[in-house]
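Both complexes below contain subunit A, partnered by subunit B and then by subunit C.
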Partner chain A sequence: MTARVVFEKASRWYGPVMALNDVSFELGPGVYGLLGPNGAGKSSLLKLASGQLRPSQGSVRLLGRPAFGSPDVFHSVGLCSDTDALFEDFTGLQFVMALLSLNGFDRATSEKLAIEAIETVDLKDAMHRKVGGYSKGMRQRIKLAQSLAHKPEVLFLDEPLTGMDPQNRKRISDLMKRLGDEGRTVLVSTHILHELEQVTQRVLLIHNGRVLAEGNLREIRDLLDRHPRSVRLQARDPRGLARELVGLPDLVSLNMEDATGHLVAEIRKPDAFFSRVQELAAVHGVQEMWVTDENLESVFSYLVSK
Partner chain B sequence: MSTTQIYEQHYRRLDASIPLRGQRWIPIAREGLKALVSFRAYLGLIAIAWLPTFGRLVQVYFTTRFPEARRIAPIDDKFFFDASTGIQLVFMLLMAAYAGAGLIANDMRTGGLLLYLSRPLTLGDYIFGKAAILLVSLSMVTLIPNLVLFLGARSLAPDVLGAPVHLILIPKIIALSLVLTLPTAGLVLALSTLARNPRFAGLGFFFIFAGSSVAQVIAWRATRSPYAGLISIQATMRRAGEAIFAVKPARMTADLPPELAIVTLVAMCLVCLAVLKTRVRAVEIVK
Partner chain C sequence: METERPATRPTWAAAQDVFAISIERMLPRPRSFWVFLLMAMPVVFGILLRIYPPRDLPLTGFELYGMVVALFFVRNLLPLVALLFGSALISDAVDSKTLTYFLTRPVSRLSIFIGEFMAYLVTVMTLTVPCVVLTYIVLSVGTPQGAGFGATHLVQDLAACALTLFTYGALFALLGVSLKKPLIPGLLFLFVWEGFVANFPGDAPNYTLTAYARSLIRHRPAEEGLAELFSKFFGVGESVFVLGSVGVISLVLATWIFSRREYVISS
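For the complex of A and B:
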């Protein structure tokens, strides 16, 4: 594997606050997910990786050079940050062209590359409109366009799907996958697990500034399966449903909420549980079922406690 | 990683066609100026700032028609010195506040700095590019009108300014413009990094500029010392300009060594540069 992004015992703190703690990993070509709850240190990690921050300790190398203080490396790096700062008075096309001109492309090349990138994110119809009038999803897409317009080898995408409708989420997810398949390195940060599943199986789990787990998403899934999850059920006959469920081997606990009449089950193997509920749905009138703590925060808390 | 996937490189690497080293600030300046020119207020301010220049050209024209008027309003070094330091100074301050206060503050407030620093640019390129936007804007209301005034006056009154010896006025005008614009640009950009809000940066700039002049008057009245002039940015600039144009100094700063005024302005520029370097870097660190 050709390592393009290398963290070696990298730490970063802001005054007394530790943002990243002793992080080591290597990224080669392909798409990687950077997964963690809000405040986990994802943005700090991306800023270190993209040379916006100097590590307080350890080293961060990007394309063989120190990420911080090597501006030339940005000829081959694209960053779609979480900031909402754009050149509001520029049109979408002017915005991407202006940033390409900072890379040293002449006007004609900038225009060609900008249009290509804008087409890729499906914004061509709006490229002559001012960025200030763009919706949240459009702003996200134009940011993405500027990050990939110069065809970088390494792309850092901070929450790239935020604010997008399902159709564009799919489009951008496919795009990220394609970029990875082309041999580029794409590091995507998100706090939503299922967004990543559509793009990559390789993830870095980060929590409280530490890389908690690094590996295949299936392995993370297994960890999730071992973590008891809370499922809420609404049914016409909750008592009858509870009687059926109570004998399931992976059920940890089962309670009925007096106020709502909902059943709240704690389970270990969700897939088996969901299949059983499906079988019982018609008999006991299961109207709704939702996992109440399938957020990363609870999973991370679980992993940390292990 | 537990699984290893084999990748082939299917993409094409792109290299920029323009060599960047040494001129990376140019696109920043160009795009910034392009953005400013799209504002009517900016163009309006430049247009108004040129009115005194046209007024003075009319004055020169009249002196060619009525030579006796030259005794009241001579076309000499002081004429050009006053053209730079009179009402033109007010336009320069307005332009500095309008074009300069938000240059860095907006990038810092919104995080736009990341857009620049995720490109092949150094911090120096960024600062220099932003400074260039402001210096060009300030020159549009100081240097350029004054050069046009000189060239216009020279063609209108060749008997007065036509001799080659008067060409020395061109470097004098350029030098005075630098004395006026460099510290002004430095100060407003430094404030732009400190305030983050362009309005506060603009107000702070006026407060410092006007406040330092008031403080100078108070200090001079109390001490009668010419060194009180160093308190005022305007008086210090003026004293340096008086030396460049060899005109009679103002009463309060008549005994202030012009070298000291120039050293003070250079020191001010260096302090502003240090603030810029520290503050713009600080954005990257403290988030």
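For the complex of A and C:
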């Protein structure tokens, strides 16, 4: 295995708070999931991996060089961060082109690569609109486009599917899988197990700043399926959608929030539920779907105690 | 799917690319609009003066222009503008969480800083030059001395404005990368140190920037009162040397700090 990302006994503190503790692993080509509950240290790990932070102890190497202070490696590295930050006055195309120009591509090549990446995330129709007017899902997709436009060997994706509708979740999941199959290294951070299952079985489990294991996703999944999970849906026709969903097996409860009009479903085995939502997405105008997975914390606590 | 990768990016080329992005983001900001309105005040004042000329004004239009450049622009407004823009050079990108986009591209931090600073200079000069030129035109054209009188001074004044913006901008950029909240220390520096010490007797003004900056505007009429008694003026060469040196040293230090600092940008 050609190790492209290497953590060696890496720790990181923010003042007295330990965000990562003695983490060691190596990543070669393929897709890896970085799975852990909120606050587990996923973002810190990605920030170290992508050279935004230096380790307090140990080392983090990216493509054979120290990740922090080696800007040259970013010719071959892409990052889709978890922050909702864009150049608000730029159009989608300008935004991706501007960042490609930092990689040293000339204008014509930047434009070609930018359009290619924007097409990949299905935003071509909106690429001449200012990103400040994009919906949450579109913002997420343009962030993804900039991260992969220069065709990096290593791609870090921090919660990449947040705020996307079911069709685009599927599209981006397929894309991640394809990138892994092409031999790229893709590290996807998420607290949503279902998102990972669609693209990889290799997963780094992180909890309280420690990587517990390169876990077996199936085992984690079985544990999770014992805990009902909460899924929030935003749709044009929530009542119609609710009528269609209400008879599904393993649906524990289904409520409509008065304040937001969102549907909140408690489910046990999510596969059938997600597939059904995908089928109904167009008819009932499903705009966004969030899996809140509060119970992941309890599953991880269980794993730690095992 | 592989694309031919460009070689290591030269600092200057990368800085130009950072500049191209930053200038598009810096110029259209509300901050630029409000600063432009402030800078345009002397133009409005000049127009009113031409429409309603006072009977016993002891100054010619050109002398009045000299005072405006020396006192309003170089002494007060430009250092303040430099504080607003310079101290926010990197912190704006941190606050808007867009710094990550620069830090995860194959550009050195030196390039990022140079690009941002160039964008600052171009932005503030774009706001300053039209206002100074219009002030000159409004106040001196059509007066007995006639249009074109003191045009050489106008060019020198613009150079003095540029140097003032460069030096203060670099100093406040240093403050911006060193401190989390640079605005208050910056204001204290401007209004306490620069405001008072420059008018102290003896060698005290040697340790202020404003004494050197005001020495670059040589054509203004004499100030009256105590300030004139104590004001110290330096030669143009000395002033340019001191201001330039402070600017360059501040930039080097700011770049050094920026290159080593970590920025924890979280959602």
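In this section, the second predicted complex is superposed on the first by the 228 of 306 C-alpha atoms of A that agree within 3 Å, B and C clash if a C-alpha of one lies under 4 Å from a C-alpha of the other, contacts with A are read in each partner's own complex, and residues count from 1 in each chain.
Just so it is clear, a residue touches a chain if its C-beta (ideal position, glycine included) is under 8 Å from a C-beta of that chain, and two chains touch if they have at least 3 such contacts.
Note that this is a predicted model, so its numbers are computed, not measured.
Bringing the complexes onto one copy of subunit A puts subunit B in a clash with subunit C. Looking at the shared chain after the overlay, A:181 reaches subunit B, while subunit C stays out of its contact range.
By the touch criterion defined above, A:21 reaches neither subunit B nor subunit C. When both complexes are overlaid on chain A, the residue A:99 reaches subunit B and subunit C alike.
When the two complexes are overlaid on their common chain A, residue A:150 makes contact with subunit B and with subunit C alike. In the superposed pair of complexes, A:53 makes contact with subunit B and with subunit C alike. One of subunit B and subunit C touches more residues of subunit A, and that partner is B. By the touch criterion defined above, A:81 lies against subunit B and subunit C together after alignment on the C-alpha atoms of chain A.
Using the contact criterion defined above for the overlaid structures, shared-chain residue A:214 touches subunit B, although it does not reach subunit C. Shared interface residues of subunit A, touching subunit B in one complex and subunit C in the other, are 14, 43, 47, 50-54, 71-77, 79, 81, 83-87, 89-90, 98-99, 101-105, 109, 113, 146, 150-151, 182. Chain contact summary for the complex, subunit A toward subunit B: residues 1, 14-15, 28-30, 43-44, 47, 50-54, 71-79, 81, 83-87, 89-90, 98-99, 101-106, 109, 113, 146-147, 150-151, 153, 179-184, 201-202, 214-216, 219.
Those residues of subunit B that touch subunit A in the shared complex are 1-5, 7-20, 24, 27-28, 30-31, 35, 38, 107, 110-122, 125, 284-287. If you check the complex, the residues on subunit A that touch subunit C are 14, 43, 47, 50-54, 68, 71-77, 79, 81-87, 89-90, 98-99, 101-105, 109, 113, 146, 150-151, 182.
Of all the residues in subunit C, the ones that touch subunit A in their complex are 1-3, 5-9, 13-14, 17-18, 20-21, 24-25, 28, 96-98, 100-109, 262-267.
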